[in-house]
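We just call them A, B, C and D in the order they show up, numbering each chain from 1.
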Amino acid sequence: MSNRLEGRRVIVTDATQYSGPAIVELFREEGAEVIAANDDLSVVNAAEDLVRSVGRVDILIANLAVPFEFGPAVDRNDEEMARTMEAIYYPLHRLVRAVLPQMLERKSGKIVVTGSASALRGRSGGVALYAAARGAQLAYMRNVALEVAPHVNINATAQTYVDNPTYFPPEYQQTDDFRSRLAECPAGRLATMRECAQTVLFLAGPESNFFYGQTIPFAGGWTV
Amino acid sequence: MSNRLEGRRVIVTDATQYSGPAIVELFREEGAEVIAANDDLSVVNAAEDLVRSVGRVDILIANLAVPFEFGPAVDRNDEEMARTMEAIYYPLHRLVRAVLPQMLERKSGKIVVTGSASALRGRSGGVALYAAARGAQLAYMRNVALEVAPHVNINATAQTYVDNPTYFPPEYQQTDDFRSRLAECPAGRLATMRECAQTVLFLAGPESNFFYGQTIPFAGGWTV
Amino acid sequence: MSNRLEGRRVIVTDATQYSGPAIVELFREEGAEVIAANDDLSVVNAAEDLVRSVGRVDILIANLAVPFEFGPAVDRNDEEMARTMEAIYYPLHRLVRAVLPQMLERKSGKIVVTGSASALRGRSGGVALYAAARGAQLAYMRNVALEVAPHVNINATAQTYVDNPTYFPPEYQQTDDFRSRLAECPAGRLATMRECAQTVLFLAGPESNFFYGQTIPFAGGWTV
Amino acid sequence: MSNRLEGRRVIVTDATQYSGPAIVELFREEGAEVIAANDDLSVVNAAEDLVRSVGRVDILIANLAVPFEFGPAVDRNDEEMARTMEAIYYPLHRLVRAVLPQMLERKSGKIVVTGSASALRGRSGGVALYAAARGAQLAYMRNVALEVAPHVNINATAQTYVDNPTYFPPEYQQTDDFRSRLAECPAGRLATMRECAQTVLFLAGPESNFFYGQTIPFAGGWTV
């Protein structure tokens, strides 16, 4: 334990999903005061309410997830399209908008978006709507980051092949589809959520003060 | 004139905006039968209705534009966020979904998304919401492209610094903001819409049959 | 035939290798006066001598190839390392240096590097030394392009899966290694050299006047 | 101090140049046994001799630097071209070749290349030959990394705007050229070498076990 986040107040959203649980645990070990939020952020005002209730926020981990079914884009209806965007991208903008004023006033703050590698590399696995929402996140992040540099650091991960309950549930890991997908990953395995959280920690802590608008893939070499 | 699109039926959406007018003109010169559509595609079913009314579509130019005001992300409200996404990305999915079945049945077809370089490189100019919608387009395109390869070719441009009425109106070209922005462009000038349409033609015509899921920046060297 | 290169004097190097033959043929059909060079450009002064003997050069196609054997980097000796670099990258700098003065004086000219996708995406196929030389080409190209913009346009392709005698000889196409490699290509086939030459034509001709420093992958979707 | 490198034997090459000094210092603080090498690695066999004399190497920091003068590519002679490549890329291959056998045998090891952002983004500053050598490094790294995954982790940084004596000597920092260059950096400042070393530490230590072939820009947002 190195106390890299000693005294920092951190919001982690969707704290029980995606990379949430391991981030909460690791960040607490590193000395952070973590607010593990589980508010439904697709609700208008939920992000604003959350930030207001928390008060000072030094670090925002915009961890946003949504369960979805794989399937060809040609079969996906409007509801699925909107549901994905409203769960993954819209709350990101609302969260960023809610925390930025205090960060800009203090000229200090960090925001990390836990994004997806599906926004960086295509595949035929039926994830186009999901990838679109993740692509929106990264392009948004990149531009906002340059608007608020150098006072606030906004960056992102782009993960895949992480053993989390949202996208790699145990039953999926028994399928042939999973096995052939894993064969495309140079690491040859899923990462633990804790390993993924280490990268989030790097972008949230004091070691990345020179990073602005960057996306760090966490994907076992799959994006290389 | 080389008749590169001889006998091809082409839909160009938002035909009077963004890169639309020059695409319509150039494609007709190249022998295409162009349906220059101006339907408001943010309306549900509008894309489907358009494709049904046209019948056979060999090439879809998904040209989608929306006017917006520059401004820091921290000031942009939910309405602006949703309006941009609903004008730029949602219609793309609806259009693709509407034309793909006939293309897949014929094992032939081309789709070109006229995207934006703002999805590829960040800047501090107050375009984050717009970039997000453009980022959604490109990530979506990349994944759908691999779903339907090799029968259908889906690709995109990523343009900026194109002299079009939607994003570079004459009055904007008189501002200091425009001049300092132009100084960042290696080309040192705006491209004509016709030049941009040449790149769209490359991706729509017979010379790009080996292209799947690619994004070709058209940005005067700005993304390099 | 559209005479896109009418009256243009074009040097194509390594004209019987890599993408050379199809470029020579297509460019002549488009009206160019093509100098199909086969000088050994790893010889010092060979590039300079070639350009001097040709006189006016409107377009340089820096097509540089070298046969090599696949194999793990850990086994590759210094000779192979140097031989690859001296065949692929060193002649590029010499060619560019030789043609640029006249192009800069006329404020007009185009250079296209026929590069490789192996510089853009990694794979475990034993091509690291080759990829290094191709990576040198693209990074060099990108920087020189911005030095001489906007008067001269320097750009590159990044190809793979092209049916050429240098890298996909007929006997290799009968191997299991080839078949498993092809399975990774969304196009599911090799491109013809002529298809590849069409992309080179796009970057050499009048349709890409707004392109500076760009790399266009020609890889059947493999880089997506 | 968190002892992230406790008990690890680390070679840092060109230890007094580029990012070397800060890496040596930080890594020792983290518990590593650092061999700070200053051998001239452009000499054939020097890399092999170094590794042999060290014996067990857990981590190789391939930090390779060479002083050079900025200047247009059109003016750069063959000697400069070869000198840069022989100082930056050739020793990388020799080092990797020398340490890989023991790492592969132990199925464990990490290699970090301290690369340059000049290989990722072009600029008109007269650095094309240098960028080429850095581009060779990254393309080489990416391919070797996939050859030896998952047992050995090979990754790279791509730095610029780091306050080091090799590329940003104090006298250069007084020039107008430096000031206009700094204006293009979102961070608005140079990073300290220690900050840069933190990123190298991330890729050398236990937190990046899922990284293969990746390049992490360390550039104050300049590559975004």
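The rule is simple: contacts are C-beta pairs under 8 Å (C-beta built on N, C-alpha and C of every residue); 3 or more make two chains touch, one makes a residue touch a chain.
None of these values were measured; they are calculated from a predicted model.
For the pairs A-D and B-D, the larger set of C-beta contacts lies at A-D. Subunit B and subunit C touch with mostly matching residues; of the residue numbers seen at this interface, over half occur in both copies.
If you average the CA atoms of subunit A and of subunit D, the two centres end up 29 Å from each other. We define each chain's centre as the mean of its Cα atoms; on that basis subunit B and subunit D are separated by 40 Å. Multi-chain contact residues of subunit D, defined as those touching 2 or more other chains: 121-122, 124, 142, 145-146, 149, 186, 213, 221, 224.
Against subunit D, the residues of subunit A that register as touching in their complex are 1-2, 142, 145-146, 149-150, 161, 186-189, 191, 195-196, 198-199, 201-202, 207-214, 216-221, 223-224.
Here subunit B touches subunit A in the complex through residues 44, 72-74, 76, 78, 81-82, 85, 89-90, 93-94, 96-97, 100-101, 104, 118-119, 121-129, 131-140, 142-149, 213, going by the rule given at the top.
Against subunit A, in their complex, subunit C makes its touches with residues 121-122, 124, 186, 221, 224.
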